[in-house]
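The structure is given below, and queries will be raised subsequently.
A, B, C and D are the chain letters, set down in written order, and residue numbers restart from 1 in every chain.
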């Protein structure tokens, strides 16, 4: 048996999380990602950003260099580098490096904060941690299975908001903060979703009456997405539990996961993995 | 086989979405509807409405003429024109045309915004898109099946709001914004539905104590509509379980998954896979 | 067969809703109750209360006299008058009459609005309408079956609010509106239940961080009462559907409600009522 | 049969709730705990705290002495005193006594309110009341079984808030209250959880558009934790269905309701009623 090459070993460390070295790599990367996110946040707080500007800058450079090395390593190690570079995470990886290097040439380019914000997308990497995959798959499958229903529901909500927003614009008028239909719709979304900022609130009696209807509607309507997702999840919950094996004698298919004998005819069931 | 008449073909295009031409027609109409809704919105934003008044007016005329042609085509093509004209969508179609023509004769009639708002109702048309029908039927059936329960619940909520609104009016008084019982009820709905604008908020200790009770009540009560709709949906989800086989003798279709004999006529059911 | 006495007939009309006359009586009473509630509301709106004082007073007298006659009739007709008088509805009925008569002797006694508010409790009468009983029983049974669980949950919520409210009082201090622990608790309830008035809001960074935790907690915790009620309702939903009859031959108990033959052995099932 | 020693009897009274004396002890303790919590609250209300300072101080001393005696009794009575002292409730018990004694030596040490707040944790004691244990176990098991799913969900919510908070910081800017990324994230949590204080609210059109998306997202996302907990609870509700019979041969207790043979050892199960 050939000893695995360095490139193969590096591939294992960087792209997989099964080996101890791979796990350490993932955790170090995770910490660096969180640290870089915290740095971006602290920099935005003006009092901290000004007082510790030099320190933050140095830390930022350190993280950027480590991420640069990681990016180069990923390209060198993978078999199809171009596929990685053009993948979602490849683009994110690159975009999380660029802002710092660009800022080296163009000082004070504040709009690059936007680009730097993309570094946050690296956070999604940790979703790869294997132990959660089974569970998040469960969530994703439930949401995916009910996507059309949720789509219909959201569509109905938006139509409701457009109609009620227009009505409130007509009823309340510009004097009470409903200066345009889009603002009326914005207010209606704020109300229907039970957020309720209070920056715009109805002032007339009729407006308050309509607002009450919208609120009760929003209070009742929230049951719909909940019902959709819950019934989908209950469905999925039920399936894995039984139905995994059929009795070879009577074809009964409702066996518990750990059943050894058929509960219907008493015959032994096939071995399960 | 006779070639279908022009009228028959037009009927297929306008009223059905199964043929390619019918789909194109539906999509073009959908885009026009969305565009006309956006136009109404933009017009209401005073800065845009004034600057681009002429352009908006021209676009509005264009859409109105297209909708007029569609309206006439629908009347000509359908077998019972009067039935269409007096139908819900027939009235909506007409109402979405009238405001523009009326505005031609009576300039500056601002209250016609109300009529123009009806054009938004045309948006409901897209609900006809066939692929969503199965799913929205599912939602509608679940909501319809639980209509009495939801009615009882909403009725209880309104009674609660009337009682607590009156109590708060007595406790807080006019000095703290609770100027009348209807306003107290409005505040109670805002609180119970967890919207919470904050335009009216209790100021006295007793008022805040009662408000806390209302909030916790509202927080707990939201479980009720959710429970109703969810259990109804789970129920419907399960029903397909009983619909997989039809009795070869009496055609009854509601059999349990493990049924061997028809529960209606006693005949043996076909083997299931 | 003896002709029923007038008293017996009146009893049927007043206390039951099965006969046409009883239904009419209930509906007339319902309308009067709603009307009297609306009158109380309108009176509280100062602009209306002053302008139409005389009219409102006359209508109020009219309703009070009708309710007085109803009260007397109920006492005369019922077999055990004292039991009615001391019952919940008997007390409500009396309390809804008294304020007007008292106001006749003591003019301008504003605090009687409180007593008049009790008239609202008459609204609960309509819950007696027979057709809703089956459904509201369903709700009540589900809520009653989960009362201990909901009690434990509400208890946990209140403890959480006391602890977090005290912490916020310590963190934010009196300068930021958290003038006492009760107010901190009030703020915490407002936040945890996702009402969020905004009359008191955290100002310090630490306070906002804790507030964020409370909000996410409240957002997640709402799943608990919903889960309790939903699983209870789903449970109840399931029971009536099957299990109502057992096959006299094979004792199988999972039959659909309308099953005539056993789906397991093909034997005929017993007649159901 | 030996008469139980005083120490044994005291142990029964203090640590158990099965005997009448034990129940009385628990209830008295419960009342004292609630009273001490109310005292801490009242003291914090400046108007009451100043007017009744002497009375509150005396009551506080009374409760502290009773709790001290209880603490000493608990140590003397229990077999392994050190285990109790270092246990969660042992530390809480001690911490609820210390502040008052410390305040005796160091007058006016306001920060001890923090320590005194720990006395609130004594409230958790009542969770020991035996009758609720079965029910709260149910809740705990459901929450514990779905801890990974809820963890993944909360993680996704936090990532969403970081990303949208940063975007809103860029879009709205410091002029509209979004003075830093952490504040943007705070605002995003307030919005996504549908709390909506309104202390920070978007002012620009683009900001309001993004806010609308966040609100609808938050309105829809709330279905996920609800779905998780509900399906878990429904699952647990259902398990008793499989627990009604035990195999007479292997004692396995997880049989489906209609099982005839044990799915574990193939033996025939007992007839069920």
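Keep in mind that, in the parts below, a contact is a pair of C-beta atoms (placed from the backbone, for glycine too) under 8 Å apart; a residue touches a chain by one contact, two chains touch by 3 or more.
Computed from a prediction, not measured in an experiment: that's the story for all the values here.
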Third chains touching both subunit B and subunit A: C, D
Chain of greatest Cα-centre distance to subunit D: B
Equivalent interface positions on subunit B and subunit D, same or different at half: same
Chain pair, B-C or A-C, that carries the greater number of C-beta contacts: B-C
Length of the line joining the C-alpha centres of subunit B and subunit C, rounded to whole Å: 28
Rounded Å distance between subunit A and subunit C, as computed from the means of their C-alpha atoms: 40
Junction residues of subunit A - those touching two or more other chains: 153, 182, 185, 194-198, 222, 226, 228, 230, 232, 234, 254
Of subunit D, residues touching subunit B in the complex: 194-198, 226, 230, 234, 258
Touching residues on subunit A, where the partner in the complex is subunit D: 37, 40-41, 44-46, 113-114, 117, 120-121, 123-124, 132, 135-136, 138-139, 142-143, 150, 153-154, 157-158, 182-183, 185-186, 189-190, 192-199, 222, 225-226, 228-230, 232-234, 236-237, 242, 254-256, 258-269
Partner subunit C, residues of subunit B touching it in the complex: 148-149, 151-153, 159, 162-163, 166-167, 169-170, 174, 179-182, 185, 191, 194-198, 201, 205, 208-209, 211-212, 215-216, 218-220, 222-224, 226-228, 230-232, 234-235, 242, 254-256, 258-266, 268
